[in-house]
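Step one of this worksheet: look at the structure below.
A, B, C and D label the chains in the order they appear, each numbered from 1.
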């Protein structure tokens, strides 16, 4: 089992004829994802990796049953692409595009709510239910089936953690990248909630970073409502205060969203926090052994 | 029983300090409607017929449990008043105001859909579940409890029909005024659907008029999905083609929405159509007798 | 409020929708003058009705002289009952293709709807369904780019064609104008492709009367008769008819039913007058005076008071009757809100009112026959 | 991008939000000149940081001479590390009341949020909760009039007061500006009532960098160091730090973790550089050249390829090393998308790459100590 997507999920690629879109459509196919169609206005009728390309999402949906979409179009057109997907009734939309204006992101989220759609990202590597379906840009070889759920804000850092897990013999159930922007569709709490319901996810690794208060909210949720054990890693311990470290969300302001506040909230919720990425498997081992011992 | 509103419905009056608002708040109270609060920006703290007045719907909702609102504010402010009601979670909003720009009406309806609210009107006399709750501007004395449901586009014409029914000994369950504008919240089909579910509505009188295709749609619905008998009266038989008769909806264009097309659609659906308003009770009598005879 | 073609085109131009070169003329000389710059020209009668081409309201000219002559023929003519007071003189277009494009209000879906077709130039209802694209627009988000792409795709246009790009821009701008100007209808038929350019060769624009208060910059077009205009100034809906029984009722439906019932009994209504919407007694008094202007044989007042109060109506009647001597019979039917008070006011002036509409109507028809 | 107060106020003025009379000065003479018209004046240092009042960055003057003197004292001073290059010279306001008003982005609710308080003038975090009104705004419908009325009602303002009406207008216009200009923050603290007028006495405006492509009319403010600016031109996020290990990683989280791990092992990173987001090899080569500008002791490249491809990274490294002689050690960690090809490219140039991040980091720290 897995959350959000599984082996039956049929996927559309918006922006499939672009450099990133075509490359990753191929990678997703190679992973085993059912990429059934692509969209690129003006390129309708072409094929990319043998995937049929349509001019509009509407046209693609008329020919295929599509459950999820992944968006690669440039920032200036990403909002429109997302709305297009919502209007055609697609209920899961992963927005890979980065540098989307924050006002556009707010509109995307407001529209998603009206249409009952789930947005992963923007500025995310996507999500993958290991061995079943990858909707994203993560390297294929690290995502092997297993019982550990992973949810992270940052992309490469998740790969790092997932790589360490794999090294230690842990496969993953589903790995979700929330996205690095200030406004993203899913929160840690949203994803933890799903994992909690997923019988086959035995433990969860949460990869947070400084800025915002999503980790603190997650800590509260874990404390009040979760049974599945959670282990965390937090990036940004060494970041000097007030310096912006690339993500809009990673601004340390007014003493909120600091490493210390996140670490203490999580520890307070019984979540072990790793000092370094490669320590995560060890903490996981400890917490799972403890559980099994009970 | 009744549809939409009953004896427990607690009502807010938006624009309660205006001439129409205060007069009809009093009339509604006199009818027995639970008018619990009024809103008039800048008049918060006052009382009208002993009803407390608030500056905002939000403030009124903080003090009272409000199920429905009736709007009397001028056309230029009506959209804002409706959105205000929706945002405070009010699920039934009757908009009495006429001459609301059609673009505003479209926005009201789009917002109502998002908020899951039902809009009666605009340009309606409202609705009344006889003897239980009147949310509207119809004269009190004609609406006595009974088993006939009435749904109409036009106001005074409904009173005429309801008066004729009363004269003939028929009380009404619920009487709904759809409103005379081109864009209104409820269609004949919406209301017929509710009546069909209402065990105590024995028969329905539908009062249509030329223009639009709502009567034709109703005929189709009656034919396919209704068991409760329906009698109709249609206004506008004598209207010269192409002349606008007051309602934006009552423009005869392109041969659609004519008296003839409506009459034949209804008759085809087994609905008796009265030539004159005062003939409605007779047709009702016939259809009910026929039923009872079965 | 309907606009003349030349006004619609001037609005289009303002919003960046290409229209043919040209100008409006009220005299043959003006038409000739305009044609000097254009070389050859199309001379189009400006009337608030369709089908003007078939009615001979459009002429062509290859010189200023011909243009003057054409204008002379058209100006002053009547087309479907509308007098031609102006002609639009425009460049002749080298038309390759005629499209249809319109945005209007969809009452059923409660949203703006765009209608487009590759078969322009004819009545949209005669175009087979499969050539028509209908697209409801979310009024809250508007004409998003993806919606325009869907339209282009459904029409089967080539995305890369320069004319497709122009078409997309026109769709976007037309919707912008439609929303910004509170339009009920904006129709371009035909939208032509001429020398690689997409151009609005015609313009039908109707603006929502209810929005006039916030569209103060828009021109006002008089479609009404003198009496209709006076009624409009009072905020009342009035339509002139051919009969001899002047009618005042309240509510559009009720007013229509009143005409129906008069006709049913063999009477001929002189007008439709909806005094609904809570008009006060002063306004209603003015309305009754209006009724008298057409010199009817009978006045029939049919009021079922809701938001309209019977006492206001009674006051209006007694006020008019007190001020001027009225030779014709006035049949009154008065029930509803504040009915008792209304009757009391009438009785104080020795007037009486019917209870039942059909009885009153029968009486009015009977009196009109005398 | 943060704006100076004077720039924020000029935007406010454009959108119809009242601001004090005044102008910006770069010299004491200019400050004196402006004060001639104002009579007496406030002289405010223009720096991109808060708390300038407490730091002595605001002075008062009752004559042009005093204003010149005040400006002389302020110009060139440093406030919290920011050099004062301009002062804003403004009329003194006869302040009756100080309010707080701001609109910013609420990440949790994913919508704009308005924050208002009757206790303005101080840090909003020090104002007790009960004096703060927070209102999330529906980004699709905007600042509807009823929302403004709710704000006024929640603040306990008198609806009929003239200042309430002015406040309502300011709220509407501030939101309009916030949306139209792609702002991340628009803060007025204090929003003052002076002589019955509601006036923005300060202005903090931050514009979304991602929206610069569609906000071409807005001024550009340089907040970055020379190297940061060069990185920004490459589309990369770069922050200067104090250490000696130059770092390039991909992804903000990964880049932060890279700094964390270096520090964990006792190393000192010289910078933060996120080469993520699918930058090509050309861009990455430029980025590596940037790292060299700060003359670090070691270069540490830590790449986990996702959208970034390892072959692009390898090509970038070999390209730079092929073009210039680099005296310092380069520690590379390279895994992920197209890893094999990347390693092959490196090996062809006799370079090797680590597999594990912490081993690579330890090596980099070790080399930096030598």
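We take it that contacts are C-beta pairs under 8 Å (C-beta built on N, C-alpha and C of every residue); 3 or more make two chains touch, one makes a residue touch a chain.
Not measured: the values here are computed from a predicted model.
*Asks:* Using the contact definition given at the top, which chains are in touch with both chain A and chain B?
*Replies:* Both-contact set = C, D.
*Asks:* Which chain pair shares more contacting C-beta pairs: A-C, or A-D?
*Replies:* Taking the two pairs in turn, the one with more contacts turns out to be A-D.
*Asks:* So what's the Cα centroid distance for chain B and chain D, whole Å?
*Replies:* Here the centre of chain D sits 55 Å away from the centre of chain B.
*Asks:* Roughly how far is chain B from chain C, going centre to centre by Cα mean, in whole Å?
*Replies:* A distance of 27 Å separates the two centres.
*Asks:* Enumerate the residues of chain C that touch no fewer than two other chains.
*Replies:* Those would be 138, 140-141.
*Asks:* Would you mind listing the residues of chain A that make contact with two or more other chains?
*Replies:* In chain A, the residues touching two or more other chains are 111, 114.
*Asks:* Classify the inter-chain contact topology: is it line, ring, star, complete, or other?
*Replies:* Other.
*Asks:* Quick one: which chain pairs are touching?
*Replies:* Every pair of chains in contact is listed here: A-C, A-D, B-C, B-D, C-D.
*Asks:* Which positions of chain D touch chain A when the two form their complex?
*Replies:* Touching chain A: residues 105, 107-108, 110-112, 125, 138-140, 179, 182, 184, 208, 210-211, 213-214, 237, 239, 241, 249-257, 259-264, 269, 272, 274, 276-278, 303-308, 335-337, 339, 356-358 of chain D.
*Asks:* How about chain B: which of its residues touch chain C in the complex?
*Replies:* Going by the criterion above, the answer is residues 20, 24, 27, 75-76, 96, 98-103, 105-107, 109-111, 114, 125, 137-139, 142, 152-160, 163, 180, 182-183, 187, 207, 209-210, 212-214, 217, 233, 235-240, 243-250, 254, 275-278.
*Asks:* Note which residues of chain A are touching chain C in the complex, please.
*Replies:* Within the complex, chain A touches chain C at residues 41-42, 44, 55-59, 77, 80-81, 83-84, 87, 111.
*Asks:* Residue numbers of chain C touching chain D in their complex, please.
*Replies:* 140-141
*Asks:* So in the complex, which bits of chain D are touching chain B?
*Replies:* Within the complex, chain D touches chain B at residues 138, 141, 144-147, 149-150, 152-153, 159-160.
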